[in-house]
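Every chain is named by a letter (A, B and C) in the order it is written, and numbering of its residues begins at 1.
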């Protein structure tokens, strides 16, 4: 499946001083699929996100994104190679600078890149109109563009975060507990939105959560991480199989 | 004979600009686990706060009644009613040992001797599976998150209150930790015979352990019933919406909430 | 927001009027503040000399007005220079961290270990008298607290997710600092600076009073206060008038600072 893999992580090791946060983690994501990772707090899932994004140093292992070796690149070359990867974090309030207007936060990645992906250039050449289009795509009415983050709810902010992530036309979006701090109906709408966008824009996702049911809903393949190690991986249909890891089975029982 | 611990009738609460809670009524029996389910802005936390006597400034009770144990007297916070908060760290001050803080609570409400107090504290800590001697002498900073949480639950139970108000204690926790807290609460409730008013936005947190649930929307209770009845045959559209919003392991729908339309917010 | 108290309002209004008057005051000094005229010395207020004359026959009013320029103007200059050094140091130290941060913070800690007046006196003594050296001494003492505050704000913000997203999208260090951290710093610094001005004025007058800093015949309130000491018994107005000017201005700026702080906290 080498040609199809958008992301290939092999034997990733991440250490913080004496603690090994990630121990030999390997995974791959093919084009258009969503791979889910289930883990408790402290299992290493957020560290995994930062390591794949190369926002932190890794001690061993390889991260291949679109066949480019992110683990070996630095500076501008890393920046260029990483262009097709975006992220949505757990805390919507912290994902936006409170002193900056929504429209400016939304357009930051585009302004930084200076090239507009084709799906947007078809819409307009005007910054403001592009922003309105993006907001509309995630179900936020355009009038919020000139507000500040504190004037939007958590669910609304998370939608803007998603709009920001897709604005540069990425091929892979990392979703780090994107619905953890939201009400259930808001969670459901956001998950639906993510699926809609996946279909519309042929996105690949790495979906990380402690909520096994949400992960199952989103993903075609699932992995379970515990204390920095991947202890189980399987296709969605195999979730209830007898040969699942005891910890996986424990999680399944919790959700029944 | 059924003992009514709490009776809330036609509660109305206002803040400076609008009415947050409109005509809320509910009854909690002895030993019953009542879930108050609603999303942000539904008024569930304010309702709980008014029962516990912890309304913030600017928010006032404008109508209705809250009767505790069918007596005229107001319940004493800490003795008859105790609280468990979402941020369990806030239950303890960093400057005193855990033991001293428990002691403070017991001394406030009883006239027990120091020996008896210590025994009561040890018993409470053991009941939540904490090493009694060690935790008694520790400061909050020396305990892990999970331990502090259990200590906060133990503190809520040490005076054997008739009612525990738990305000979203599992919302910020991952599934495994949440399950542990719920299991622990249930076990303690059964042992102590106290009632629980459990505030949450996620029905999954109470599906297994709650006896009854009241669903709140925009300051009103739209449906209230036993858990089995609610799960089997929900009436109100909002209850159904809450059920449909939750992804389940059994079914794998294409979309949650059964909605096809995208709605502009 | 609390309504400002009446005394504050009165002082602020007077003070602001006085500030404006003094800023453009050099045009308005009716007489040359350094013009010695031994015949007219130690006069009380007359129609020529609105506040009288000092021990050398110089017009007191003109000296107060000219002194305002020196005292207030220099204080603002000290503030500006302190910010110009302190804010960037705080931003860089906070954001870059590591060895640079540790090195810079050791310097800051070293300075903060001394009470600011003692440090200012020692530095001033080492550098020698004169306005320029006084400014240098005060700036060296003052920049550290701004660096500290700015650094802690940066530390708070830099691990937040919006910074990670910006970094991921290639926003460079300079842009990050200017676009994302500086706005956070602005409000706090404004409050601190307006409250600090009063302190700087007081420090400047104090240092000049003990003979460091500006020297006679430069009109400066602290220096004037010092010069008036010898005549305290027969012409106390030589001390009272510059003293009153100092007090009035320090109170005005402090009141202004409190007002801004109240407004800023409401916005937050």
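Everything that follows uses one rule, which is that a contact is a pair of C-beta atoms (placed from the backbone, for glycine too) under 8 Å apart; a residue touches a chain by one contact, two chains touch by 3 or more.
Quick caveat: nothing in here was measured; it's all calculated off a predicted structure.
Chemist: Among the chains, which one keeps its Cα centre farthest from the Cα centre of chain B?
Modeler: That would be chain C.
Chemist: Find the two chains joined by the most C-beta pairs in contact, please.
Modeler: So the pair of chains linked by the most contacts is A-B.
Chemist: With centres defined as the mean C-alpha position, give me the chain A-chain C separation in Å.
Modeler: One centre to the other, that is 50 Å.
Chemist: If you average the CA atoms of chain B and of chain C, how far apart do the two points sit, in angstrom?
Modeler: 55
Chemist: Please work out the Cα centroid separation of chain A and chain B, and write it as a whole number of Å.
Modeler: 33
Chemist: How about chain B: which of its residues touch chain A in the complex?
Modeler: 39-40, 172-177, 179, 201-204, 241-242, 244-249, 252-257, 259, 262-265
Chemist: Spell out the part of chain A that touches chain C in their complex, as residue ranges.
Modeler: 50, 53, 55, 79, 82, 85-87, 89-91, 94-97, 99-100, 105, 108-109, 112-113, 164, 168
Chemist: Taking the complex as given, what residues does chain A use to touch chain B?
Modeler: 40-41, 136, 139-141, 153-156, 159, 181, 183-189, 191-193, 195-196, 210-214, 216-217, 236, 239, 250-252, 254-256
Chemist: Applying the document's contact rule, which stretches of chain C touch chain A when the two form their complex?
Modeler: Listed in rising order, the residues are 160-162, 164-171, 179-180, 183-184.
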